Amino acid sequence: MTAHDHLTNGWDRNQMAARAARELRDGYYVNLGIGIPTLVANNVPAGMTVTLQSENGMLGIGPFPYADEVDPDLINAGKQTISQLPQTSYFSSADSFAMIRGGHIDLAVLGGMEVSEKGDLANWMVPGKMIKGMGGAMDLVAGVKRIIVVMEHVSKNGDPKFIPECTLPLTGKNVVDMIITDLAVFERPDHNSPFKLVEMAPGVSAEEVRSKTSAQYVE
Amino acid sequence: MTAHDHLTNGWDRNQMAARAARELRDGYYVNLGIGIPTLVANNVPAGMTVTLQSENGMLGIGPFPYADEVDPDLINAGKQTISQLPQTSYFSSADSFAMIRGGHIDLAVLGGMEVSEKGDLANWMVPGKMIKGMGGAMDLVAGVKRIIVVMEHVSKNGDPKFIPECTLPLTGKNVVDMIITDLAVFERPDHNSPFKLVEMAPGVSAEEVRSKTSAQYVE
Amino acid sequence: MAKKIYPDAASALEGLLFDGMTISAGGFGLCGIPERLIDAIQASGVKNLTIASNNAGIDNEGLGKLLRTRQVKKMISSYVGENKEFERQYLAGELEVEFCPQGTLAERMRAGGAGIPGFYTKTGVGTQVAEGKEVKSFDGEDYILERGIRADLAIIKGWKADESGNLIFRKTARNFNQPAATSGKICVAEVEEIVPVGSLDPDCIHLPSIYVKRLTCGAPYDKKIEFVTTRERESA
Amino acid sequence: MAKKIYPDAASALEGLLFDGMTISAGGFGLCGIPERLIDAIQASGVKNLTIASNNAGIDNEGLGKLLRTRQVKKMISSYVGENKEFERQYLAGELEVEFCPQGTLAERMRAGGAGIPGFYTKTGVGTQVAEGKEVKSFDGEDYILERGIRADLAIIKGWKADESGNLIFRKTARNFNQPAATSGKICVAEVEEIVPVGSLDPDCIHLPSIYVKRLTCGAPYDKKIEFVTTRERESA
């Protein structure tokens, strides 16, 4: 599969993850959410050291284990079995969120249901549906230095997800720094500035992005 | 030296410590202040396990080391070299005071300059003299379950130290549970009750105690 | 020495359980959960429990067992997915749930155990979580006041403990067990192995003995995994 | 990998020092103090420092060196005895001192490092320490509001660190080093030995690598003791 196959569709899930991976820097400590964000781990540039944090108390997440090395005491925040690395350290949930809340994590990549033009994020509950809880998402968006949201540009119904005001209950207010969708990338330099369209997937036009976005942004 | 030698003088320092040691119970975790309180460690009844906490981050303080085992990385809160025990554990100052503040220590024995009849304690500074600081004393009296103050009954000038109101800056308000002096023991069942004279040193009369105490207490 | 070691979970809990009590429980998902103690609480029949725990187990595993028997009045949790009976009771209004962000929950337990009745955090500012909570500004930023949790009882799962109660955890099974332990007026721990005093490195004790008032060995354990994920060995 | 290891304390501090900055320092008395980093700060000539440290060293040892050279504007400490130059400057009004109860100081560092701008504690209620601080009642008891400390720089002393920055302390030399490390916007650590990644037990890391941004080996150390106290060997 080459980029060419997607010229008219925008980026696929893995390409969105790869785009997010371009925001990594050598030496970064990073927390990756469930879903597309998890795929960022497969796209770390060669020669770059990025240490992944898992909010259930681990720094230095390794790959999934071989079948004969599965360990019930070694899981990630998505409750999947994982492996450790030589530089791994373990700590309690209290110490883990002290790290997160205290601003020690350089970057978090999370999924989103809605992002508002002011940087509000909604990704934890849909009214009327069974509430499962926010897990660590509210702590991550409040504490981590830089928040990237990776999500489809529009919902299954074709509705924009980057919108003037979130309609769903918020995960965090004015917390998002960058949005990566299957169509485009929006970024803002600080939390007082509007988002700017900084990049489009191959074959996607600024007009298409405009037509599928109800949020205000700078082009 | 027998108790008889002191019939007319009340208890000596070691006897005061021994009296404080009678408040220990098997399994207690205890913090001992500098001075007479430190001597309590020598008076733990045989067969009783009492674990001593040092607020610089240690549970299970051993005796002073042999000369050839002195370790600069192993000191108590008085900055004296000590030794470890098989059940010793080390932790940070933050974790140490979480333990103290959280009410996990059963008993603290501290020195005092003044105790008021309402249980206020002053033991950290004398106005006009160089202030060295309160160290961990304020945390101990605020957090530990039971506070025993061990002090001379009167000052060098002969003034009472168990008084209606402290004249010196407070270490804690309404924090003392028991007072052990060279003459007598005062106790109260809770922080809303007055102190009661519960014991006198051999040869000390209730009248002598009364004459050397300006605080109100129950006899 | 005052004996801390009990032959089983039921005896370790003897005299500690009462209807309407609050319990802090360790564990993340099914990783590091105090399963023997949960079984003993189930068997005791104690009711109207308020349980602070990151998750609520899954159907018939972990705290899911106490939900099934209707012993739980309220859960304080950050995530309760993967649990049909929970969902049924919650939607029917039979079970009260206080959703608490994961880091706030861990810190509330730690604070309760550290004598801190309240602390300010940025987590949840401007969201439903902030409703009814005091907001205070520090250096121009808003924070909300969260309360420490002081439970009547903490139940935790450790890996090894020495006979004096010093305890260590293994890998990510440490999680909420450490803060939960400190948040209880009394903490009962189950471990996989009890070793003689002096066997553990004093520089590497995760939970000093002062926190472990009662101790039982629950081995052997058949630890459950929620999602087994593996990779293939590359052929040489 | 991004290199964290520097050949000496001076290079490890390069570009981080500026007049008027706030520094959190580890150590208790002379135990576990970052002496190489203190020496390098002295040599740099940086001035008007505010230093949060439990103690202020003794004359010409530890932070006492920076007092001697008048580089310190303000100390935030719990105990400053055993230091004549400190006493002279303090009594002459040349040095500002904020006395902070030891546990409150440790917690303020931990809170600053954990993103908690303020917390309530019973420590100091009704004393001089409470003056000017907000008092709040929780469950009928009064507590005072204390602020987290977020320093421009943390300087700490560890025992061993691996090349990625995972660090362990030894015995009571851990003390304030752990909370001080987390309270700095950047933390520089000196250790007695740097070991290869994988040499330390991942279950026994006292300070995960994320906190250690720069690292230098300061060995050999000639550690000072304030009060040598010993016991006699009983004759057999």
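Labels for the chains are A, B, C and D, by order of writing; each one numbers its residues from 1.
We adopt the following convention: contacts are C-beta pairs under 8 Å (C-beta built on N, C-alpha and C of every residue); 3 or more make two chains touch, one makes a residue touch a chain.
A quick note: this is a predicted structure, and the numbers were derived from the prediction, not measured.
Of the two chain pairs examined here, A-C and A-D, the one linked by more C-beta pairs in contact is A-C. Summarising the inter-chain layout, the chain whose CA centre lies farthest from the centre of chain A is B. Rounded to whole angstrom, the centroid-to-centroid distance between chain B and chain D, based on C-alpha atoms, equals 28 Å. Separation between the centroids of chain A and chain D, computed from CA atoms only, is 36 Å. Rounded to whole angstrom, the centroid-to-centroid distance between chain C and chain D, based on C-alpha atoms, equals 32 Å. With touch defined as above, residues shared between interfaces to two or more other chains in chain C number as follows: 107, 110, 114-116, 121-122, 169-171, 174, 202-203, 206. Residues of chain B found to touch two or more other chains are 84, 90-91, 97-98, 100-101, 142-143.
Each chain pair that touches appears in this list: A-C, A-D, B-C, B-D, C-D.
Note for the complex: chain B touches chain C at residues 26-27, 29, 49, 51, 53, 59-60, 84, 86-91, 97-105, 142-143. The residues of chain D lying in touch with chain C in their complex are 107, 111, 114-122, 136, 138-139, 141, 143, 147, 168-171, 174, 201-204, 206.
Residues 54-58, 63-67, 70-76, 78-82, 84, 90-98, 100-101, 120, 130-139, 142-143, 169-174 of chain B are the ones that touch chain D when the two sit in their complex.
Within the complex, the chain C residues that touch chain B are 1-2, 110, 112-116, 162, 164, 166, 182, 197-198, 202-203, 205, 208-211. Contact residues of chain D toward chain B in the complex are 28-32, 54, 77-81, 87, 90-91, 97, 99, 101-104, 106-107, 109-110, 121-129, 159, 169-179, 206, 223-233.
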